[in-house]
C-alpha cells in the first residue's frame, strides 16, 4: 500500500500538523493508494474518460490533475470540524481503465460494470471525471436496487436528447438515468442552471425535477437552497453530482463548456457544508479539463470539492 | 451566404436542440455571415482597431476571438426567454476594414463613415471592438440626427482630455461625443467606475453625467441600478456601451487596462436583463484583448454580453 | 462568396503588396470561402475530428486555429517563386460536418463519403485535421480507382493494430489503407520516424514500406531524402500526409503525441520544396492541437505547411 | 534620483492627468526611486525572499512584478479621495539584498537588521514580499520598542509550529512574533481564515488572537469587520499584513498556497478603506508568486493593495 | 546612480563571481542606470514604441521584459572572452519617452531627435525596441553625417512601400533610410530572409542590397556568412539591426510576425561573434513582444543578443 | 505493488503493443512503483528539492511532472533496439522525503544518506531532480568507495565557489565532489558549456576537467564527442549527470537558468545513444522546472532523457 498522508499522518515527523505534500505519489485527497477494495469504506476513483463531450475534450486528464492538486489539501474541514480520514477508511483505488474508448455505449457499459462491483461490496464511491457522461453508468450502479434521488450542481441540466446519433453524451446522463429507472426525478434538484441552451432541458421540467436557476439560487440564498435541497431529496438514498462548470469561469476556467454568470467557490462550499446527514450513496466531481486551466485553480477547486464530498459521506460512519 | 446556426437551426439534424458549434466558420453569435446589409435588422460588426490605447494593445483581435467563442452560445436567454434570432434578422456583416491605422484621426473618420452607412439603412449596429476609441465615431453616426442617451458600463469614465497630442484615444470618447453634440450628458449614466485615475474624469461631473461608482452600485444593488438607469436615459434614443473592464479582472483578465474591485459576470447579466423596453439605437462591447486572456474566459464573456445586447435590441422587433 | 486576399488581392488598396490580414473572416491560406465546389481546382477542407486519438485530444480545433494563423501567410513561396493562387482556383470550402462523432467507424464512413464527393468532381483536396485517423477515409476516396503512393511525414508510422477494440484510431490509418487496397505500400515512404513505440510498426516493414528514421534522415540529408522519396513514389498518383509531430516539440508543441528528437521547420520546408512535379492527388496536415500550443507557433507552422502543400499541388495547373 | 510619476507629476506634459506608464523604469506605485532614506516618510521596499515556503516557491519575484504592474496605478483613491503622494514623501528604496539565502535563520536575521535601520530613522515601511516568513523579522523591527497590534488578512493563521526542523517558515511568523514579545496577540485579528489545515493554528486561539473565518466575515459583512478590527487593535501601534491568498484563487491565482472560497478584491478594498485613522506603523503585501500568475491579475491586485496601504499610512501625515 | 552589477561588481560580496540577479531594479545587461549621458561610451536605450506594426502589437513592452531577463546575463562572452563592462562605460539610460504615439510620423520624428542627441555626444547607441519602425529614425541620426552600411538580421527585408497610408510602418524602415540618404544600400546585407511576402521587397534588389535568404545562409554556413557580411560592409561606418524574428519561432515565439523556417540561436550568436573589428556606429534589437512569449525565452534571447551587440561595440574601446 | 506498464505489459489487452497511458498512477517510465528496494536492479528516484537554486526555483516539482509525462514513453529505443524493462528489474521507488529543507547542508546530508542506502544494496540509481545541488550528495554515495568519472551535460560547469554563504548551491556540486574525493576530475568531461558566467568555472580548468563548449561540440560533432567522452572516462566507474539546460531554451524552456545557444534534443539523444558499454554507476536528470514549462515539452524531454539513461544502465544486465 502506497502511503498518503491521509491516514497515517506521515507528515507529523516533519513538525507542522498539516503540511502541503511536496514529495511522494499524488493520490486523491492524499489518501492511501491501493488497487483493491480491502478495508475501504469510501473509494476515491478516477474516471479518465471524455468520450462523451460535445465541444472541448480534455476532462480525461481530470483525475490526474486533481490528484496533483490534492497535495494542497489537509485533513480537517475548518467550518464543520469534520475530519473524514478520522471517521472512516478512505482509499484512492485508482482509475477505471476502459477497454473501449471509441464507442460511447461500450465505455458506458464498462463504467457501469466497474461501479456495480464497488457498490456490491458496500463501498461508497466518490468519482472524479472525466466528462458528465460518466454519471449515467454510475447511477445505474448506485440505483440498481432502487431509484435514487439527486443533488446536481451544474450550469446545464444535462437532460438533453440524443445528439450526433447517441444519447449517451455528456449533455444527457440524467434523462438516461430516469429512463433507465435508476433516478427518481421527483427527488432530483438541479442547482446553478443558466445559459443559452435552455431549450435542451425540457425533460427536466416534464419529468418533475426541481430546476434552481442561478438567479433563483442568488435570490433564495445559501440557507434557502439548503432547505430546498433537503425538502426535495428527503431521507431516501441520494446521489450527489457536481459539474465544476456550475461555478463561474472566473473560478473554474478549466472545463469544457464554461458558462458565465455562475456560482462562486464560497457559495458552493457553503451549500455543500449544509448537506450533512443526508443518505448519500455516492458522489462525483466532473468536467475538470486541465488543458484549459492555465493557472491550475480549477483542479485545486476540484480537489477541495472532492474533500467536501468526502466530509459529507464520512458523516455516515 | 455562409450559414451560422443562428437562423437556419442547421444543427437540429444532429439531435440536441442547441449544440456548441464544432465545425464551420466562426461568426458572431453564430449568425449568418454576409458582406452586405440585405435583409438585416441587426448588424453584428467587428471593429478590429486598437490604435487608441494608452497602455496595452491587442484589442484589435477582439472580434476574431469573440467569434471563436460564439460557438458556445445558444439561442435562448434562459431568464428572459428572449430568442433574438426568432424576433428579427441578425447578421454578422464582417469587420470594418480601415485604410488608415497609423493616424488616429483618420481611423476615427473611417469608422464614422462606415457606421453612417449602417445607420442610414435603418440597421441597428452591435459592434465588437477594438478599443473604446471606436465608440466616439459610432456615436457620431447613431447620434447624427439627435443626441442620444448613453448607458455606459466601464471601470473608467473615458471622458478624459487629450493625451499624447490627441483627444481621440480610448480614454476620451464620451467627452468627444458630448463636444460633438451627438451625446446628451444629462441622459448618460456610467456604471462600475473605480480606480486611481479619478482626476481624469472631471468632465463627467461637469457635464452632468451620472457616475455610479462600483461601491454605489454594490450599495443600491441590481434593482436600484436598473431603476437609476431607466430614470436617467428615459424614453429617448439610447446607446449602450460596454467596456469589458467594467468586470473584475478575475472575470475579464483579457483586457488592456484591467481594474481590480469590479463587477461580477452575474451582476452584469442581471443589470442588462433588466433594461428591456428602452429605445436602444445600438450597442458595443469593447476592450477584449485576447493576448491577455490565457484561459479564454474574457472572450467567452464578451460573446455572452453581445448575446445580451442582441436580446435587448431584438425586443423592439 | 466571402473574399479572402488570396485571389482578389483585396489588400492592394492598402498599399504594401502582401499584408498580414487584420480584419475579416479567417480562411485557410486566406482563400475565398464558399460552401460548394464551383470553380475550384484545389479545395482546402477542415476536418475537425479527433475521435481517434489514443492520448491527448484537441485536434478538432486544428482547422479553426490554422485558419486564424493563415492571416500571416502571403502569396509567394520565396524560394520556389510559386504563387499558388496565380496558378489555379483555390477555395476554402469549409469543414466536414459529421453527424456521428461518438462512433469511430461511423465518423470514418462519413469522412469517406465527403471526400468521394470531392474527388468525383476532379477537385484536389488539401485537408487540415483533426487527428491522423482522418487520413484513412481520405485515402479510400483518393485511392478509390487505383492504389496511391504515399509520402508520409511523421514521428510515428501509424501502421498499428487495433487498440481499445477499434482499428480506426489515429495510430493505424496506413495499415487500414493498405488492407483496404487503396494504398500501395511499396510506393510508400515514412519520414522522421522515431520514439519508443517502434514495436507497433511491424506492419510497415512487413508490407514493404520505406521507413526513414529521423537519424537516417539526418544522415542522408535533405537532398538524399528528396531523392529517396522520388525513387519510392515514382510517377504514379501519390498522396502527401504530414503529421505535425514529425517536427520536434520545440517547433510543434501543440500536438497530441509530441516526440522529442524531431525535424526542424526549415528541414521540413526544404524537403517539401524539393517535391515539385510529382503526381499528387491530395494532401493533409494533421494533429495540430491548439490547446497545447500556448505560443501559437504550431498552428502558424501548420498554416505554412498547408501553403507548401498548396504550392506543390498548384504546380500541376 | 530616478523619477517616477508619483511625485513630480511628470506625465502631465502628455496631457491626460493620470496616465498608465509605458516607458521608464518600473517602481512601486511609480514612486521616485532612490537607494537611501533621505526625504522619505514612507519607504516602499521589496523583499525578494521565498526561502520560507513549504510548498510552491516563486514569491521572490513578487517585488519585480508588482513594480511592473504599478505602471497601471494612478494617484488618487477614487473612494476616499486620498492622494498619498500629495500628503507625504513616498519613495521606492529598492530591495533588501540578502547575503544568506540558504539558511532561513540567517535570512531572517538580515531582514530584521534591514528594517531596524528603516524604523530607527522614523520611516514607515511598506514591504512587498516575498513569502510570509518576512513578516516576523519586520515585526521584530517595528515592535522593537513595544509590542504592536496586528491586522492580518490571510487564508491561513500562520501561527504554526516548526516544520522541517525550522520554526521560521512562512506558516509561523505570527507565533514567532508573539514568542519574541513584539506582537500583542490580544490586539491581533486574523481575517479570511479557511481551509483544511485548521489544526495548525491552535496557537492563535491559545494566545488570544481574534480569528475571523471567511464565513464569519461574510456574515458580519464589511462594516461589521471594520468595527471588529477597530475594536481589536484600538489606538495602539498596529501593523498591517496582507497575504494575497486571503483572496479567492479566482482573484489571486498567482500565489504559493491558494485556498478556494476566499474574499473578492472588492471586499478587500472596502475593508482596507475603512481603516483610516489607526496608528499604523507599517504594512506588507506578501505571497505574490508571478510564475503562477499567467494573466498577471495577481500582481496587479498586489499593486492596488499596496496603494491602499500607502493611502492608509499617508493619512498620518 | 542606481547600481547594476555590470560595473561595480556589487555581487562579489555574495561569493560566486557571476550571479544571476535576484534583487534590485532591472536594467539592460545589469548596467548602471542613469538618466543622462555622463561618463557614457555605450548607451543602452529602450524604445517602447510599437505604433508601426502591421499585425500583432505588443513590442512596446519589449524593453521592460529584456531588462527583466537581463538579470540572467553575466559579464564575459565565454567564446570571445570579451568583457564589455571591462572595456568601456556602458549605461542603461532609460527609455525614449514619446509625446506623440498616435501619429506614426510624429513618433518617428521624436525618436530621431532623441538619437541625434545621443550621437552628437559621441555615444554609441544600442537600442531595444519596440517594433522595427524605430530603426529608420535611428538611422537618420547615426547616418546624419554620412550614409552608413547595414548588417540586418531578419525574416523580412523591411524595404516595403507605404501601407495603410503611411510609409513609416515596421515593414519599410530600410527603404525609408535609403531614400533619406542615410543608408548605403550597396553596403547593406540582409540575412535570414524568408516567407511568403517576398513581393514586398523589390526595393532591396533594385537598390543593390545583398539579400541572404535563409536557405543561402544554411548553404554557405556561418563562416561564409561572416565573410560575405565583411565583404559587403567593408571598413565604413556600419549599423547593426537585429529583428528577433530572424530566428525560428521555436527560438523566438514572442514576436509580432514570426516566420517559420528560421535561424537557431546558436547560429545567430556565431555569426555575431564573427563580426569583431567592424566600424559599428550602433545597434538595435527589435520586435520582442512579451505578450506572445509565455515561456519568456524570447526576451531572454533578446537580452543575450544585446549582450553580443555590446561585446561588438565595446571592441572599439 | 502498483503496476505500471513497464514490466507487466498490462496494456497488451488493449490491443496496440505500446500505448500511451491514459489511466492509472503516473510513475517514472511507467515502471512498477514500490516503496522498497526488493527485486530492483535500477531504482528510479525522485529528488524534489530545489533549495540550492541561485535564481528561479521550482525544480522541486520536476519529479512529479516527469512522472506525468512518462505516460508518453514506450518500451523500446527505436535506434538501439534496447528494451530496458526486458533486461533488468526497474522500479520507481518514489521520492526522497527530506526532513530539513530550510538548511542546504542538512538537506545535502539527508540526500547522501538516502543514496548510500541505495548504493549499499547494489542498486543503480537514476534520479530526477530537483536542482543540480543534489548531484553532490549522490556522488558522495556512488563515489564512496572510489572516485568516479563523470559525463556531465550542462550549459554551466557547476564548479563554482561558495555563494550566499554556502558552497552547496546548484552552481557548485562538481567542485564539492572533487574536494570530497569522490569525483576524479581527470575522468570528468563537461559538454555543452556556454554563456556569460565563464569566470565562475575556473576550478574546472584548474582541476583538469575536460570542458567541451557548445561551439566545440558543434565543431567535432556527435561522433567526435562520443569519442572524446569515451577517451576521458575510460573503463572506470562513471556517473552521468544531465542538466536539462544543456539544451537550448527552445527545447527546454522549463528550467531555472536557461541559456540560449544550446544543444538540440536530437543531438542529446544521439550522444547518449553512443555511450553504450561504459561502466555507469548511476545517472541523474536535473533542473526540470515545470512552472516555466507552459507547453510541457521540457518535462516530456526529461522523461525521454531518463529513458535513454535507463537504456544505458540496463546494458550492463
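Letters are used for the chains, namely A, B, C, D, E and F, taken in the order the chains are written, and counting of residues starts over at 1 for each.
FYI, a residue touches a chain if its C-beta (ideal position, glycine included) is under 8 Å from a C-beta of that chain, and two chains touch if they have at least 3 such contacts.
Just so we're clear, the structure is a prediction, and the values are computed from it rather than from any experiment.
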Set of chains whose contacts include both subunit E and subunit A: B, C, D, F
Chain at maximum distance from subunit D, centres defined as averaged CA atoms: C
Cα-centroid distance, subunit C relative to subunit F, in whole angstrom: 37
Inter-centroid spacing, subunit D versus subunit C (mean Cα positions, whole Å): 54
Subunit C, residues touching no fewer than two other chains: 14, 22, 60, 98-99, 101, 164-165, 169, 248, 250, 292, 294-295
Touching chain combinations (by label order): A-B, A-C, A-D, A-F, B-C, B-D, B-E, C-E, C-F, D-E, D-F, E-F
List of subunit C residues in touch with subunit B within their complex: 2-3, 13-14, 22-27, 33, 35, 46, 48, 60, 63-64, 67-68, 94-99, 101, 294
Complex interface listing, subunit A residues touching subunit D: 14-20, 22, 71-79, 81, 248, 250-251, 264-266, 269-270, 294-297, 300-301, 304, 307
For the subunit E and subunit B complex, residues of the former touching the latter: 50-52, 56-58, 60-61, 98-104, 106, 164-166, 168-169, 291-292, 294
Interfacial residue positions of subunit F with respect to subunit E in the complex: 54-55, 160-165, 169, 171-172, 193-200, 213-215, 218, 248-250, 253-254, 257-258, 260-262, 292-295
